[in-house]
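Quick one: the structure is below, and I'll ask about it shortly.
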């Protein structure tokens, strides 16, 4: 089977590097275009990028020339599938240009996550939200659209919450995070700020977590999303961990649940089973019953970095239950999340009609019928 | 003024070392006796102890011979003031022996904290609980008693909570900790467990925090304490920090309070002012209005390690308010806490009648009257 | 092809865990027996071991019962290939028992490394030293023998030095190490000793490095080894790194060499090529020409943890050349090293005559001839 | 006694902050002027600076307005004593302007360290080099001059070497460093580069160490310095330590020395004794005979951060002796070093004739005589 060509925006950053790592041997997608800011454009990727992953940068990628971060920057044919790893400010300006050019923009940025007609999706949680793309004006014009995945701190959390919401309903929750430095990109967090230290603040992070959880667990209501009616209170902290966000959660359920019912909800949570998506883990949520797990260094790579590990389920004296959830912030929480979104779009045929005005297509179908 | 002679039990451990550091130049107390387990007894302290603090071990202390951890172990006159830095199991066995021998046992152990007639005290919070000592049988016999300070994770928290409880009442709270490795003593946490990692579990810590907060904020009720009627839910985590426990707190108040009222409660909290206790900080609770403080590396040494720093006061979408509190776990949270307890006891005359049967003393007073 | 059954001594420790990880899917060997100290014997491995690796413990291994660390401890047939991950003191007592029982003991311990008739081998460096096993008394009796690999800090170094010794000769060298905490096992280095710190001392490590390099680069001389005639001066340090030993080396050569000649020596170093040993890396020594490499976090997993990465080759103002070498201390420096030794022994037929008295075998051959 | 007014260039950086910390309660000097780059100029210091030290920023300093980094930037009277904590490029341009304006520029920058007529001084090592200032053209014109202290990695080393050079002569040496991140300033080293890692490269650092040691241990020869005739080979590494550079040294002496002679050389090294300089430590070099010291976390604050701690003296199989030396890189290695230079200049009268054309002064003296 021929692999679909994809491009990566912001290819030199930390998330861009993860995209390259995860796409290097992907059975469905092939990296055809690397784009980055003017500082990098024109250089070989191997020179433009300070590769920070512990698997080698593939030689053929290192040799590719980085091109400018705009549709016109592509000297060849613009790939119709664009993975975007841009800062929010840049994304706000550039992603619509690619959507307007007929591309499926699979974005990791926060820029459009809360826009009414942009799906904010974790496939195991709310793949049905992808229907929102049909409300996007770009979609109607040339087939393009924007799909987003949540903030790295929200993904692990909603994976753990979704099975509980389905079976018991969620009324409110606390979450206190201990987040890895890779979440801030490179150079990101200065070592003087984090060695032997905790920084109890990450700009805009608590706000993002709180609102994104509401949208992710919300319901499609026509061409927008009805938010989950639950109070979410987040405390976000940075700790001296390279990769993997650990989160302490206390949750109040609408319907009482026993410990065994909750464990069963997690164990039986398998919404993508049978779809054979290359990036989907065997088990999206895994419960570890050791008293001191999950731990980022030991558990972040479960399911090739795509599994959220939960542990320490116990009663909460204030709400109902408390537990700890961990997920890899640059795989499940960023590049892997976007990739899984793309795989769902591929599986459901939504990568097929790109770059084609929808009207034309309708006519075409009429003619061919 | 002659300094009172004191002894230290468990002198070679991490908290024992802090006792030595803080007592080395103390104006009221003088180290007269160092005791430790059989492994160390008989050796010079400098040899018996692996000194891990960044101030030098005083030479005269290094030269002292460590003696066995029992009253009879003291070859000279047993000091009547005993600072105890023992593990709970050992403390449970040994501390009563010293109290029975007429000593004021100022304990950092958890062994007797929740005993009905043992005061669990942070002087700024509940110095009036010290009255419980009069209910102790040892006190009646030979004047001795046990006084305890809370777990290192509870002290900073109650310092921040007390001003709120006084003015607004506390109905419930959620606290998620990020605790330093020194809290586990030495060798304590293996480096393989904490480098680049978080361990979301500390044995018995959540239980201790939850019950100790209730007693500390409780009220004297005859010869015992009526616990605070509030629900406390704790999540305890170990992080790669040497010293200083950081805690994220959400609190529900009984009476609504504005931001300014809360800040004023902290600012004006000065229950020990005017008492000139050597170890008391100028300000027990300091609010820092930078967006990213408190941080353990930068703030733990405020007030010579005795001030709790609070920051990030903001509204909580689930309860009322949330904030971060930090305190030094082996100074304010252990040795300094015990020392401050001893200073209050000294100031209030309760170190004067030690080793003397109370009856005798009553007779003596009768005779002298 | 049927896989050969192997046993692991000291299976629950850090190196024991690496053996299990590396042997789990090994094409030639199959774990048939797990042995450990009395504390663990009798328990399921999953319970006896605190698994500290970031790949999951295979379920069938977790279910195996740990047996006592002695040949008689094996309830089934004693595997003839024994990987030993024991502390030196224990190894000194136990390894000879297994050799006497006719086993090939592939040891990672220091106990017998410097014994005259025990080969100390890194296959790429001195596979010919394996001939020493024929001088061992156990070999003559029942076919058993002991083969050792060097200390984790010596392996990366000799891999970098061997190509230089071959082409130019080595007269002396200075090496200063920055070693990972996993080298000390678990619990090993206390976190209070290494967070924000360096410990410039590792017990016996400098002595081991110095003498082992001499033997590894020495020559077979009858039934013993003639040491390399070169002065080696080692400084060993522990740093806050989980895995991967980084070493700064200055070397004096017997024959002048240009930069390009040295790079060529490393590049062309491929003594095992064509042997298809499963654990052998494609390239045992890889030179990285970035100015700031090798780095443990980024480079330790090259060649699945079996490649030594060299960088920063530059002239030395005191000796001739200086460079940095890095290797994974628990894979290339321990379990992987032993495994590669076993693979060479398998390839060269030296795992075939185990447990059979040599005389008997000689007779057998005579009969069959 | 009235304190002399001083200014600080580059006041907001890491070394600038240390200057403020060390000068805050200085008995001889008073901070009168804070200058920094245009980005900070015009703001209150408390706002312009991200204070990263663990002692509080004094309130009166926080309130001072930062002014531009040029002599004309000073709105009041320009202080005649200027502590400069500038990057080398900036220093190269700005420091001469202050010297030309008649200031004593006490510089921590590398810009002029190797200039023939600029003294590079550690007072205990080569205070006599200060005579070089008289060869500076600025000195002749208006009394100003530049004095420098060495790189943070060279200071501890030369303190340990000087007593050996004096008594035995030094022929050559190796030094391999493990340097703290604070040496790179703020933001400096990204946390992703150093958590769980070592970076075996610091730009220009090896070159600086090698040449600076030669000048520091050299001899005044007319109006320049005759370098020490010794080969120095440095390997420089960055490790996950906040403060304190640890260095492994092997040294070849010109004259054989016993262990006891070397220890005596260090013990008796007290070139500043009797001068009562406020920043000078009681003992510039302290030997610790524990097997595993010095360590940065435990020993960097000896002598209030001004003592170099030496340990692990043992024979070197390649050269003569080896040992470990540690010093605080931003106190002894930067701000404290400059401050001590200023104190020596004050004590020797060389801060008295500033801003006055030397000819005028000569005439003045003639008149007054």
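Chains: A, B, C and D, in written order; residue numbering restarts at 1 for each.
Assume a residue touches a chain if its C-beta (ideal position, glycine included) is under 8 Å from a C-beta of that chain, and two chains touch if they have at least 3 such contacts.
All of these numbers come straight from a predicted model, not from anything done at the bench.
Contact with both chain C and chain D is made by A, B.
Of the two chain pairs shown, B-D and A-D, the one joined by more C-beta contacts is A-D. Once the centre of each chain is set as its mean CA position, chain A and chain D turn out to be 49 Å apart. Computed centre separation for the pair chain B/chain D is 41 angstrom, with centres defined by C-alpha atoms. Counting partner chains per residue, chain A shows two or more touched chains at residues 52, 193, 195-196, 240-242, 297-298.
The touching residues of chain C, when paired with chain A in their complex, are 52-56, 195-196, 242, 297-302.
Partner chain C is touched in their complex by these residues of chain D: 172-174, 176, 178, 193, 195-201, 210, 231-233, 235, 237, 239-242, 246, 248, 250, 291-298, 311-312, 316-319, 322, 324. Of all residues in chain A, only 14, 52, 181-182, 186-196, 240-242 touch chain D in the complex they form.
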